[in-house]
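These are the structures in question, set out in turn.
First chain A sits with chain B, and in the next complex the same chain sits with chain C.
And now, the complex of A and B:
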């Protein structure tokens, strides 16, 4: 009886999980499949679509046609935007990891006046919706002559990612055994060297989580970029993609090729970092 | 990560910061224009080159998309005082009024006084969209604050090919509402296509059609008096407006998903000959041209519901450009806009973008469909042209009630009563 109940529950759970997985993966696979189709192929809906044969005929491209990718890359100038996005993502995420790991360490290990108040201020910043801060951020960047500069955008993106990252690092450092730190202190390490030589290397799982969260955020961001930059040549991939999609309204296969180009790098980053994410979560990076 | 890698990472960061990231390029001797019009971007770039060749003045068009993000960019730049020389303002007229109040945009009136022929060259309704008359409801200084670059209106469209297939005369679009229902029903039943399609997921399209009907049933005065709070939404005229939408639903000519449909989707359905009628703006000519160049269709005025009052359709400037009042290149910017709205340049824009021109002079290269659309000029009206406007909360309630009527959840009379209730509450509050 118990065995039957267990099997039933397992089946139920797996059915649920499979359906969630399919609903998450289907749009992605559909996007990739559509990107290989011609426009005529894309708009054709077979009469027997309700059968498996008809569905597959509709879903799969008749031929893997790369023309959409070539056109999206060349006409949409996606190469330039792609490079910008790589630079912004790399530098913004590096900056976030650097600053937030230091800040997280300080909030966790150092005693200073107003520590908890400042930390709670950072937590409060997480509650403010990002678009609400765009106009004041733009005004600030204008005042310090960083509007329409790559540096201004990167600093803004570092600022956007700090709150959550500091919180993650602080939580992780709180759970690190103090004995390691004491041993380093006996060896003559200063506080900064303890962070550099002991705490930060041990925080690799938390760093993984911070990297993937922020890489996703910076890579997919375009609203702030459109607001800050006046030169098109500085825009990131997502902004270029928006414009490209606007110029090719109706040509879905071409737009899907552009979307695939934009999505692939971040999927690769996710796959590379997923081991750390799991570790980070299980090691307590996400515990409150 | 090893220690050596950290050093490398810091070095890269430093190099980027010092040599690459903080350089901001801004050419002081060129007129900078911001816009959001992806369909016109290529044409604008060509025109900029042409202008430079003719006058030696450099003009740079920068596109920012999507439109809602563009609007945020303009808002942020207005706050920071970094608006470009020329830009477009998206949104309600009140939003333009806020720019006028802050003295951010140039009043073209003195330029038009100096060159009356330039002002006369425009279709008056296109110019009025960005104009404020004396004692206007927005309480801003009277003036003309935008230069229209094209014109648009929203009409019914019908597929001539489907008409032929169903045995209807393709040159005989419906003249009244009963005929429209009968033809759409016939086409739906005979050919299996949707009778009528429209992107009513974008509620303003539904609202504009409702107001078109309202103008025809009650006349302009009663409609505007309703906005002023002097005429009730409970009146038979407004109930009739709601009932027309119910009739469309009961006749089976509108599809199930119409209330959540984006206009882009509706455009694809009409372009692929899967719907007989649509309600769309003149911008659709360019869209259909891209989606299905063979599509055989024509616009027609909204089907007449009553002969008591003339029919009206929504229309006005498709897009307008404003000049930054604080720009050091203000005069050069105005000169460029004057050049852009001359016949030669307007002809070029029409050829490339399939939009209606903002100027009166008949263009040389207007296609058949655009010619038909252009006939709608005499019927054009728009909220930006009215001396009074309806409160957004009332409009929201109105469209919500329209949706409920279409779904069959409430009667037209109940819908009208609910809108009136909100209207009275707002009047009381004011």
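And now, the complex of A and C:
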């Protein structure tokens, strides 16, 4: 291929990539810019809007006013929903890591009756779609009186992450040399201590993937939360955002501040750890 | 080393916490949904066996249910064509221009990690007319931007109130879905592309293969398993879309964007447990049939 043709193709590709990137980022910047505006500022259109100066005058807030944030956080209860989400995510992810690393260790290292059958049962749960799984789950939670309880929601969320996490831990342990564990066994360590002191610390890379995948999953979860909780005070962030937006229809900049509160922490964490997050999500998808 | 009975018991106790939670929250509901689908619509106590009545209603009377399946199918069609094609083209571009590739990978993946609720509420706000102003200005923020860019004459009819117009609502929802989702397919396809060894391209270039030949003879066949994976996950994910549409339209206007899971959810909140379970089973069956047929098809294509 001659050089001119190649250069043309490259320019075309870069123009395409940049325009798609702008279509991703511009709306998010728009959201953040709107969140600083007063309502009057948001709805006005300057006369010279068709010039660059007029456009920027319209697009940028006149000053970085935090009133919407304070109002959304305090009066809009987003602070409460945010705290709920932090609690649920922390407890559910800790539960998943504990339960699934134990099980993944056992499936890889220990012998017991029905081992392969039970492991395949967990795998099958990942493959078979039950789109209305939340219906019998609601019936169950009602029967065991866990509806509208934080415990019921956390247990349900632990269950959601279980299969994939067990699979990730099991395959990690399968590929891990047994030397250290053997040494510990010869020194007289119990199986539980081998898991806690030797295997689990060595599995840190798998633990990282499990934490990232599940934390994002729990943080973004919506449907189980609205089914399980009747009290507004227990709602996590996503369900809370729906309440908040419903209560403030017509106040666009306030809603934008609420959405920024919910989106910005995720974006910041993502930008800090994007390499691990992308790897974690791809690993999760490839398994499914 | 001999394994004693006691050892088996100790070993088994390692998976016990997982097994208890899994049995209670997955296996039991999974079995129970089959029983529930044959019962009437009372939550507890008076569960009445009604035979095939729920399924009979779904298959013979419930036109709205099949409309909702069709709506999800329409969104899935957009996701399979527009979204996945965009993802593939972007992945091919980035795979070649590797130097700046990482920036694009970071940027495109921001939308998939944000929640459907955030994305949905965001676009609902920007696509709904501003209420607090007088007549010529009470258009949606996006419509204002479109006018500003001078695209009003072309796109104005679509953007005037897309989420509230029965003619455009479903397409608008599908486009938001694609906008949120393409980065996900992009990242997975790119990961697949980067497993293809560079030497293959080198060899083909030396043999005089052009750009298109290289794509159709090397890239596409080697990427096929990943493409099939992306297609199946797109079908499964999009047919079960829920939160995004709840945030955008709640199924409105007048049910024009209603999808199966929204109907199941609404029936559950009306305590029509039996009917909701039956709907869930029908949708699950559709999904299994569709993805199974697709896998068979792709296997047959591979063999020829």
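A few remarks follow.
Keep in mind that, in the parts below, the second predicted complex is superposed on the first by the 206 of 288 C-alpha atoms of A that agree within 3 Å, B and C clash if a C-alpha of one lies under 4 Å from a C-alpha of the other, contacts with A are read in each partner's own complex, and residues count from 1 in each chain.
Rule of thumb we're sticking to: a contact is a pair of C-beta atoms (placed from the backbone, for glycine too) under 8 Å apart; a residue touches a chain by one contact, two chains touch by 3 or more.
Everything quoted here is computed from the prediction, not taken from an experiment.
In the superposition on chain A, contact is made by A:87 with chain B only, not with chain C. Within the superposed three-chain model, A:110 lies in touch with chain C and out of touch with chain B [touch as defined at top]. Of the two partner chains placed around the shared chain by superposition, chain C is the only one that A:17 touches, whereas chain B remains out of contact.
In the superposition on chain A, A:149 contacts chain B only, with no contact to chain C. In the superposition on chain A, contact of A:43 is made with both chain B and chain C.
In the overlay built on the shared chain, the residue A:218 is in contact with neither chain B nor chain C.
Chain A has more of its residues touched by C than by the other of chain B and chain C.
Counting contacts as defined above, chain A residues 43, 98, 131, 134-135, 138-139, 142-143, 222-223, 227, 239, 242, 250 meet chain B in one complex and chain C in the other. By the touch criterion stated above, chain A contacts chain C in their complex at residues 1, 10, 13-14, 16-17, 20-21, 23-25, 27-28, 30-31, 39, 42-43, 45, 49-50, 55, 98-100, 102-103, 105-107, 110-113, 118, 121-122, 125, 128-140, 142-143, 155-156, 158-159, 162-163, 166, 191, 195, 216, 219-220, 222-223, 227, 238-239, 241-242, 245, 250, 252, 255-256, 259, 262-263, 266-267, 270-271, 274, 277-278, 281-282, 285-286, 288. Touching chain A in their complex are the following residues of chain C: 3, 7-12, 14-15, 17-19, 21-22, 24-30, 32-33, 36, 43-44, 86, 89-90, 93-94, 96-97, 100, 104-118, 121-122, 124-126, 130-133, 137, 141, 144, 148, 179, 183-184, 187-188, 191, 211, 229, 233, 236, 239-240, 242-243, 246-247, 260-261, 264-265, 268, 273, 276-277, 279-281, 283-284, 287-288.
The touching residues of chain A, when paired with chain B in their complex, are 43, 87, 91, 94-95, 98, 131, 134-135, 138-139, 142-143, 145-152, 154, 196-197, 201, 204, 222-223, 226-227, 230-232, 239, 242-243, 246-247, 249-251. Those residues of chain B whose C-beta lies close enough to touch chain A in the complex are 1, 3, 6, 9, 13, 16-17, 20-26, 32, 34, 38-39, 41, 62-66, 69-70, 72-73, 75-77, 79-82, 84, 264, 267-268, 271-272, 287, 290-291.
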